[in-house]
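Two complexes are shown next, each including subunit A; its partner changes from subunit B in the first to subunit C in the second.
Showing the complex of A and B:
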């Protein structure tokens, strides 16, 4: 029942928020999101580390087709539920010094987005998953297109059409899978667990693989489906970018783990290598472009594109470590990328520019920002004892086990990551002050408050990852039964 | 059966009411008559009756379709408040004709005999020819009516010819009678039957504006007064698909292998023509007319994949489509009346372009929201009824294994998003006139009701199941 609360409560809160007037909207939205955080933390704390689905509910939705309104939290979902619960209140807090036109609508859309994301990560029914997968697009589209930058309308529209186009193929695949399940009680079943039991022909597995993969690859994005991403990240208002990069791209990685690997192991056997190669190309390509960027937001966007490529590669390595790494890296990357975007936003709010060559010398007046920026940066470049290290190490280990050369190529992410991140830090924080950075004010207390939980997460996950690894492990072990050689021999 | 009688009587009654000088009485009277007919429609719920010497059959399915048609008519008439002020308009005649056309629609929905189908189609069509040309001093309205009439009369002839051929080959006009001779196609059916079926299909596909029989649609929808465009694109389409479904599922299930490929090709052409052409339109009303062609394409998928899910798919889709379309045309009516005077085209006529919607959501949040929800529903985005309509339709095709048709439909859905979102972008992300549009309470309630219905069906699509 906790899951039902986590999904419905933000949606209800969003509706109620629309009637709040004036300046209080921010505070009310923050309180609402903190309540959701309490729920998410409670789910994480009480989660029994086994392979079962917990805190669930199961109601009839479309009886005649056997489609059920059913969701629950298992080891694959739990970290993403925590991530969604954790990030949204701090994303809201990060806007406290900004003024957005029509604030009630702005924050309502954010909470509504949270509800849809919770639904995506907990759905146990294929069509329910699809429903939330698409619904999540509506609030983020309006957030980006109403409050975004100058070029927002065409950019966000491309994003919207691109992603919808991909997911329509997933809908076809889901309907196909639905009709493959055995008839019980007068109808087929759309439960994801029943999809795992299907024995599809190799040809069917091939096209189902691509139908799912295109949908998720666009969402993440994986090379060459990434062209919507940098522009959308740059044009969106920063809170929307945080939602997109911090949580929404995880929908794609989650989809890979939840759907592609266990449902079409033969398809993965045939096409997995292509997918890994595309991911690795994305890793290297994204990094190299990131090195050349001058705009901070665009740089972080490409770094995110590069990181998510590593997650996809790790998942397709079909190893337990790769899977574990992807799960923990999703949480770590969510924390880091939100921190980085917030740094960019803080700098932009004071200097009105994100161009690195117009910045410099900020560190002279800002001890707090420097420290927080450095910590988030070290997390991003996967320094040991920070959260990025654990995830990337496991992921690289997975890819390396799968294929040494691909592992080697993917390993460049660490070197390149250090290059572009440190370059960004150096160009913005050190050196002589420019006209714009001469009187740079340090973080306000509400801004510092955003960083505190993120920093805690960076070190907690970096020093004692066992807290998080142990909740996902049984579910991953269980999932491995449906994956790879063992599953191929079964089907 | 009761609705037919009630509607005929109320149609005559409304004509007589027109003798009164007071116009204000007509609209509530028409709405009241429709409500009574709607209630009477459910009188025979869960019973099946044959009427008029086995000419008509009422069962739950026909009652559900009738309810959709009457409900659409109710919403459309409620939005016709403008006639009260317009000196040129003759609301008594309009409402009377609408009532008669609904009688035709119900005949098409519940026919049991091809003769009845023909009478229904003609009753509905002739009423539509008149309503299309009802804006007498408008050149485009006149042109549309003439075009519609000439082409419509021609295809009616083809349809009648088809019926005659069917009678020649099967010796029967009744659905059951024809079904009896097509149930065993192995025994060798005469060529007359196939030709007759095709001609009959052409007649009906013309009415639902499937390509390549769609050429009348843009001009007629564009030229007709908007209120009647809303009526045409919902009532005629629903009745047409009810008739097609009944005809194909009862009488021609046995020769499915013959007609499904033809229908599937027509479906694919309809989807491509409707969606791709809609992209290039600059007038909202013309875009909606191509969009109605594309929705005919989606509904045809359900027919081409005739199976256990088809009935549910067509009912749900028609309902979702009708509600969203009426709500969109309702907003257009207000926008066109109060805004497009600023943007007259070279012919001096309001062009109802997308620009008229600029900034609408800021000035009139309710109108913007209603329009956005109806566009999302037509585009088939979740949280709206339109998504489940598409879902049901797609699942019929998967059940039949018609994957190639599905791929066309999926690609065209993506194209559809493009032109529906032009409206949303104009309303929400562009700046426009600062003067808010005045919305009368009736409009507010109707638009709110349509929006809520779309959202409720989008969240709980199971509400309708098991009714028919």
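Showing the complex of A and C:
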């Protein structure tokens, strides 16, 4: 039942928020999101580390077809539920010093988005998953299209059409899978657990693989399906960018783990190498482009594209370390990328620019911002004892185990990551001040408050990752059984 | 006290010091900040000394004084892969611990005087403590991943401290260069760890080394593992081709150069190889490669040092060169000799850097030796101690460097005569550039400005006391391991137990005493000759190096410009990657996006065409229907589905 609360409550809160007037709307939205956070943390804390689905519910939905309104939290979902619950209140808090037109609608859309994301990460029915997958697109589309930058209309339109286009392939695959399930009680089943039992022919597995892969690859995005992403990240208002990069792209990675690996293992055996190569190309390609970016947001967008490539590669490595790495890195990356975008937002709010060549010397007046920026940066470049290291270490081990050369190529992320992140840090924080940065004011207390939980997560996950690894482990072990023969075990 | 607790305390002190000074550095007075930082380092040193005593006591009545492994908690656990957060106390880590905390404490003390006037004093002391914390993790870890935490952590501190004066763009660039170059090495290290995991199923030293003893010498997996790990060592310990960051790292405050870029961090690569000694003993080919790289690095850096005019740059190239010597020793499986040189080098190079810092302090931040001269009168303590350091590094008896360098060269002589000859040549170069530095700085006439002359003063006691301590250590450090099986050889012996098991002959030195003494005489003679040449040039003839703008002969110009290696890297690596980044951004992205837009265009076009088919003509619809039905039947006939 907790799952039902986690999905429905933010949607209800969003609807109620629309009737709140005036300045209070921010506070109300924050309180609403904090309540959801309590729910998510409760789910995480009470989660029994085994392979079962917990806190679930199961209602009839479209009875004649056997489609059910069924969701629950298992080891694959649990960290993403935590991520969604954790980030949204702090994304809302990050807007406290900013003004957006029609705030009630703005915050309602964010909460509505949260509801849809919770649905995606907990759905136990294939069509319910698809439903939430598409519903999540609506609030983010309006957030980007109504509050975005100058070029928002064509950019968001492209983003919308591109992702819808991708998910249609997934719908076809889902319908196909539905008809492959045995008939019981007069209808087929669309339960994801029943999809896992299917023994599809290799040919069918091949095209189902691609149908899912294209949908998820566009969402993440994986090279070469990424061209919507940098523009969308740059044009969207920063809170929407945080939702996109922090949580929404994980829908793609989650989909790979939830659907592709267990349902079409033979498809992965045939096409996994192609997918992993595309992912690794994305890692290197994205980070080389990031080295040359001048706009902070665009730079972070390309770095995010590069990082997500590593997660995809880790999943397709079909190793336990790769899988665990992907799960923990989704949480870590969400935390880090939101922190980085918030740094860009803080700088933009004071200087009205994100262009690195117009910044510099900010550190002279901002001890707090410098420290928080540095910590988020260290997480992003995967320094040991920060969250990024745990994820990247496991992911790179997975990819290296799959293929040494791909592991080496993917490993360039730790070099290039240092290059572009330190360049961004140096150009904005160090050196002489510019006209715009001469009187830069340090973080306000509400801005500092956004960073505090992020920093705690950076170090908690880096120093004692077992808190998170042990809840996902049984589910990963279970998943490895489906991959079966094609799995590469340690040693 | 429980050994686990004791082990945990050693890195905990500097961590607490870092947190106090780091969080409160705007509110803590300079005096208190300095006391906290020095106190933290000193507490670590005292705990280490206590642990050392306890360990030795145990060794006295037990023969099997194996390593003590203290597990704090299970850090990363995924399937069969278990990585513990645990420390290993054995002879090797104790030796490193003593050096790091001992020399570290002295340099912390020195920094109080040196950085007194800097507004970032508290921050500086906090970073020094953080560095010590990570360095302790590096040497105390009981597995490769804990070592890697320290490995990357000291890299971070190095970055923060090189760019400490962050308003200066070239300093920031030097800091970034150091971090990125180290990261290149770290990738090798990381892949090496992955191979270790996949080969042995664990990252713990003890388990890996035990399993490794069953492998044959020359095993190909071990070859690759050792090479990958050595790539990491190249980055951290500044070997060709990853050495160019170290001279640039001199942008940092001088105590940083002494602590991080001379005495401790840069020797991490040697520590790592010695720690993995059984793996390297199993891979003779890797050792040959290390030998080649090491001698090339030693000579290249020494030759650049001949013509440098910045007091810290000379010492930096000297460090690169000395690190080459240490690896040269390791390549001849002279692991003890390599560690011996690590220790003595920590003494005399820290001394030399701190001495240089004292000179720079007195000269109002002047670093060009062409503008110094005659300083021995104004800076007597600095002069005497610097002289001791110079004699020690030049390999002249009876100071520390003589013993450690000769032990390395003796092993190399047995291993490979050519490498030995080149090594002796390098030791001559060392002696020359060091005495050149000494003579130009402390002898002759003062060449600086009137204002600087007016300012000249000996440094305060917080700075001279560490100089005196280190000078004593540099003078008597050789006693640690006198020729013919000294204390250090016996002490470190258990560390090489597995190495001896896989290759019993590798670790013994087959050299009779008369040859050994001859070798010593030869290298000391060469060093002495170089000293005399330097004396004649810079004291008798009072030569002063030419100014920047002077005409130079072609070979001289090449060496003066450091063989243009930085320019080479810029041309073949940095600029191509930047160009690629620009090309991919403007052209590649356009191409990929063009395909996407092309698909969209195609859909629009074909839908426009398809729309025309809905003409409203019944005849056309019927025709289409009939054709379709026929087609379906035909398809069913040929293809059964």
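The rule is simple: the second predicted complex is superposed on the first by the 484 of 491 C-alpha atoms of A that agree within 3 Å, B and C clash if a C-alpha of one lies under 4 Å from a C-alpha of the other, contacts with A are read in each partner's own complex, and residues count from 1 in each chain.
By our rule, a contact is a pair of C-beta atoms (placed from the backbone, for glycine too) under 8 Å apart; a residue touches a chain by one contact, two chains touch by 3 or more.
The model shown is predicted, which means the values in this text are computed figures rather than measured ones.
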Quiz item: Which chain makes contact with more of the residues of subunit A, subunit B or else subunit C?
Solution: C
Self-check item: subunit B versus subunit C as contact partner of A:303, first or second or both or neither
Solution: neither
Self-check item: Touched partner set for A:232, first subunit B, second subunit C, both or neither
Solution: neither
Quiz item: Which holds for A:61: it touches subunit B only (first), subunit C only (second), both, or neither?
Solution: first
Quiz item: In the superposed arrangement, does A:172 touch subunit B (first), subunit C (second), both or neither?
Solution: first
Quiz item: Now for A:317: first (subunit B), second (subunit C), both, or neither, which partner does it touch?
Solution: neither
Practice problem: Considering only touches as defined above, state whether A:135 meets subunit B (first), subunit C (second), both or neither. | Solution: first
Exercise. Could you pull out which residues of subunit A sit against subunit B in one structure and against subunit C in the other?
Key: 161
Quiz prompt | Contact set on subunit A toward subunit C in their complex | solution = 161-162, 223-224, 226-228, 285, 288-293, 320-321, 324, 361, 363-364, 367, 378, 383-385, 390, 393-394, 396-397, 400-401, 404, 407-408, 411-412, 414-415, 418-419, 422-423, 426, 429-432, 464-466, 469-470, 473, 477, 489-491
Quiz item: What residues of subunit A sit close enough to touch subunit B in their complex?
Solution: 60-65, 127, 130-132, 134-135, 137-138, 142, 145-146, 152-153, 157, 160-161, 164-165, 168-169, 171-172, 175-176, 178-179
Practice problem: State the interface residues of subunit C toward subunit A in the complex, per the touch definition above. | Solution: 26, 73-81, 145, 148-149, 152-153, 156, 159, 163, 166-169, 172-173, 176, 179-180, 183-184, 186-187, 190-191, 194, 197-198, 201, 577-578, 580-582, 584-585, 588-589, 592-593, 595-596, 600
Quiz prompt | subunit A-touching residues of subunit B, taken from the complex the two chains share | solution = 312, 376, 381-383, 387, 391, 394-395, 398-399, 403, 406-407, 410, 413-414, 417-418, 421, 425, 428-430, 460-462, 465-466
